[in-house]
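First subunit A sits with subunit B, and in the next complex the same chain sits with subunit C.
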Partner chain A sequence: MTQLSRLPLARKTLPVIITLGALVVIAVGVSLFGSTVTNRIVTVMFVHVVLVLGLQLFMGNSGILSFAHVGFMAIGAYGSALMSIPAENKSRSLPNLYEPLMGVELGFLPAILVGAATAGLFAAITGVALMRLSDTAAAISSFALLVIINVVLSQWNEVTNGPRTLSGILKYTDMWTAFGWAAIGVIVAFLFKESSLGMKLRASRDNLHAADAIGINVTRTRWISFVFSAFIAGLAGGLWAHFITSFQPDALYFEMTFLVLMMLVVGGPHTITGATLGVIIVTVVNEGLRSIENNLALSGALPFKTVGMTEIVLAVVLIIMLALRPGGIIHTVELGGGVGRRRELQTSASSQKGTRR
Partner chain B sequence: MHDLSNRERLTASGVVMDFAGLRALDDVSLSLGQHEIVGLIGPNGSGKTTLVNVLSGALAPTAGTVTIDGEKVTGLAPRKISHAGLVRTFQTVRLFGTLSVYENVQLGALGAGIRRSQAAAKAHELLELFGIDHLRDVLGDSLSYGQKRIVEILRAIATDCNYLLLDEPAAGLNEEESDRLLGQLSNIPDQFGCGILIIDHDMNLIMRLCQRLHVLNQGKTIAEGTPEQVRANPTVVEAYLGSQAAPEAGAS
Partner chain C sequence: MNEVLQVVVNALSLGSLHALLALGLVMVFGILKLVNFAYGELIMVAGYTWFVLQPSWVPLILIMLVAIVAVVITSVATERIAFRPLRSGSMNAMLITSFAVSTILQSSALIFVSPRPSVINVPRGLTSYISVGPAQISVLNLVIFAVSIVTLLGLMLVMQKTRLGITLRAAADDFRMLQLLGIRADQVIATAFVISGLLAGIAGVLWVSRIGMVWPTIGMTPLLIAIIAIVVGGMNSLKGAIVGGFFMGALHIIMQTFLPQNLLAFLDAFIFGVVILVLVFRPEGIVKGRFQTERIG
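Up next, the complex of A and B:
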């Protein structure tokens, strides 16, 4: 009996330990043996873990495809930058900024929290309409939201420097900061999935009508999760902005959206272990291909240009993945979450046979 | 119209449902107490599922009223109706397939607004009571058809509902499974204070389980009464039971 009651706990905690363990190994490995380049790649990877887990929290548990999250990331990036850029830099990088914002100079943590809260607020307003939609309608609307956010950021000269590069942001994020937030992201994602809100959301994903019939307020459940998930995406934007330190609106647009969705889909949107694994795999493949592409271009060995090869190969990989394993690498049960499950299935199957006879 | 006698009843009165010129339900009235099991029978297309859809809020009736414990609930959304105390199961089982049996049952309680710790305790208790505790961590999709049926019913009971609408719970079950279901269902009204309205084509199950029957044909009520009265009713025999009931009636 004690053994039986301990199993579910192992099922819940083992996936968390595995995910955190993998991230620790990568962080320690890179800090001991890594070059400046790998350090940079891994820092961005940890920021992507935060973003993808934020996306997983909504998309994986609700089953609704969202293209808008890189838009929320952009809001978080700009929002936090506006809060943290020192006043002296602001007069240079944003000369037309509104007077009350000119003097604002927050520290790193409050700045990224304000950025994340702005993204959450924006999601809260748009989510009122968006969360009433399902399937294709919701996906297309979220895509429109991404475009709207990009257009506004590219045109709002006073606040974002328009389509040009915004610079003068201080570099606060290093690899260990990003690692810390990724670890928090993993724990939050697991806690959310097992919370009653997360369970209701997963129920609505599995069967909308049944969820409604037992009294679950699906629209409200989705809305709360959407706002929370946008907050995390905004947080990732703040971390990213204070690592990259100068960027323009198009850096957080289609290309990043494609990359992030690919990470989630390849790894498995329904599981946190899968989503994290997806970030790691796509980062490795993406960076590997990019360096091959650059070396080929430099060596001049090929008679044609190699620009865009990385994207093409990634797209082909995504198509193959979707065909062979549509639920992602880890699709339903978390890695390490199936302890003892097989044995139980066998006993239940044999007891069924017994009754049929 | 606040009728004191309907304080603890689910009632439908004069329900009419039109689908673009087709009258699926024509002036149907029905009532269900919290301690009884009523069977809703009739040939295919007679309007049984339509009536369940109207009662559970999936359809808003063209005319007529539905009350739960004296409160008018006509046309409310399914979620609101479930909060008022009426929960249904579906003709094709609708479990949460990637969630465990334990989570599925817990969600019934969570949907009704019961707190997490109490919901967990309730799910645990129900699984033990119905003898499927060993399945608690199995995912919904991995269950056999009969097990899915039971889990769906437990999920509904976990909402603490006063009225349970079961749409063909025995469909697709073998004889043994259907017998076990009969035993489990017959205890529900007394154990949980939850009345059952059940649709099924398994006459053996219906006749043994129900205290009263309500027979529909082409959207109209053609008979009401105890199983014996209904079985002896010539209109019912002609419209629905046919030769199926005749030898049984003779044997008893």
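Up next, the complex of A and C:
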């Protein structure tokens, strides 16, 4: 062990530097050479980085699949929008809003923090119940939560304009803002992973009973990280809302959930470098396919409509990916975190086999 | 009084349909521990097969049978192509795969048929009502109830009395033991998908004739219903799925009848709230299975 931990600092900081470096390169490259379209795509990509890292923080470390995070994102989006829409716009886009909320007009930062806090609060309440469950039951309950959030958002006419589009939100998020938050997200995710909380959570993921036996309060540990990751997802929602500026509840539902899960799973849910890489790859593939789809539709080369082809190809890629490399592109060791680590990896790999069903 | 009879018949009819849906889902879940998110799309396949064959001379009953067969084929194909390569992987990978399969099927319908709802001609005889005293009872509801009950009884018979059923039940209890006894895993799992598809096919035909339309995301509601039903009823037994199905049907009809008008839009949220409550206070569901899923706290 002493031998192996000779390079702990490099092993811990190199992945952060690599991840941040990649994001910086993308951001600078796009701001120098990119068109308006690529700028848009990259901004949304950075928002996705925040969301996926928030999800990774919980899902990667705890091993519990969560469908609910796009729901938390939606809460963050609507929460922050309600706080920031100027009063004169509110009377137009939300004429039936409750009186006390009508006059509220916060700046960008406080608004998205309030939105994120709302998402965190909601996760805190529901998490009390959810975090007691494991495996499939937890996954299904989080799915139920996503549906509940969507139903409430699309029926609560006074606050969300119902299933219709909510508009009048000011555009605060630009590419550099999104980049800044993505960078913060990367650092926070790494800090969390190395914190005692993160380690306890991974211990409960790898062996629930052993973690319980050495005195880790698994329910509590999960609950704290669930709330924290919902907060980050809410933050991503706020950033997204102030970039898109008009949206409806269904924009943050199954499709987005599928996309986000795909990003995480393709990249590797256990690693932060993997999750970030997943966002980048899926964004590139998705946008590439989308433009091919549009070109095909315009040229009329095919006898049928092409809307939906992107989804099919993405889903097929995802299935193949899962079959060939179930742990994602970057599985257990962070990119750049493998310095002098081969032997350690071997031992952990052989001990992991026993826990699989 | 007449309202009571109507509510009871509707609840029984919807409940038996939900029970069928839940059973199909639990067939696969029991063995693979996989909640098959592509299950709802099987309903869609049934609907579109009916829609495609509709203009032809084929008699209705044959169309329905073909639709059921199409669903069975789809169900087995998804197992063979998508789930089998991943079976040794993690639970999450399988869940996400089923999500991906669901997306593929939905988008295919979107591309090759239409994104808009397509109308299915349900025969006039089914949509009429018969009067029992002052109560109006829909013929369709009676048919649904009859077909579902016959299917349920048939399945129970197969599961209890035949070698196949015993193998399937044993697989749900302890799959590894079964493999050690020399039963082929692939075969058992494929059979489970056949039965799951059969149930989904029958339920799908009934579901579509209730609605009279089919569209790419039609499977969402039945999928959610089936998930809730097995969670509420108990995930580790077939009985649980049936109990859960009837419970959900009754809950739905009762809430629909008695919930105040302005809250009716939140019906789904209420129902899902009930699910989470059940999970918290009775994580194993109404009917306890032989084995409990891992749980802490």
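Definition applied: the second predicted complex is superposed on the first by the 336 of 357 C-alpha atoms of A that agree within 3 Å, B and C clash if a C-alpha of one lies under 4 Å from a C-alpha of the other, contacts with A are read in each partner's own complex, and residues count from 1 in each chain.
Assume contacts are C-beta pairs under 8 Å (C-beta built on N, C-alpha and C of every residue); 3 or more make two chains touch, one makes a residue touch a chain.
Keep in mind that what you see is a predicted model, and the values were worked out from it rather than measured.
Residue contacts after overlaying the shared chain place A:94 against neither subunit B nor subunit C. In the superposed model, A:224 makes contact with neither subunit B nor subunit C.
By the document's definition of touching, of the two partners only subunit B reaches A:196; subunit C does not. Between subunit B and subunit C, the partner in contact with more residues of subunit A is C. Contacts of A:11 after superposition on the shared chain: subunit B is touched, whereas subunit C is not.
Of the two partner chains placed by superposition, subunit B and subunit C are both touched by A:212.
Contact with subunit B, but none with subunit C, is seen for A:270 once the two complexes are overlaid on the shared chain.
Across the superposed pair, subunit B and subunit C both touch subunit A at residues 212, 356. Listed in rising order, the residues of subunit A touching subunit B in the complex are 7-8, 11, 196, 199-200, 202-203, 205-207, 209-217, 270, 332-333, 340-341, 344-345, 347-348, 351-352, 355-356. By the touch criterion given at the top, residues 63, 65, 126, 129-137, 139-141, 143-145, 147-148, 151-152, 155, 208, 212, 218-219, 258, 261-262, 265, 269, 304-309, 311-312, 314-316, 318-319, 322-323, 326, 356-357 of subunit A touch subunit C in their complex. Every residue of subunit C that touches subunit A in the complex is listed here, in rising order: 29, 33, 35, 82, 85-86, 88-93, 95-97, 99-101, 103-104, 106-108, 110-112, 115, 224, 227-228, 231, 235, 265-266, 268-269, 272-273, 275-277, 279-280, 283, 293-297.
Residues of subunit B that touch subunit A in their complex: 56, 58, 77-79, 82-83, 87-88, 90, 94-99, 103, 106-108, 110-113, 116, 119, 134-135, 137-140, 142-144, 147, 152, 155-156, 159, 174, 176-177.
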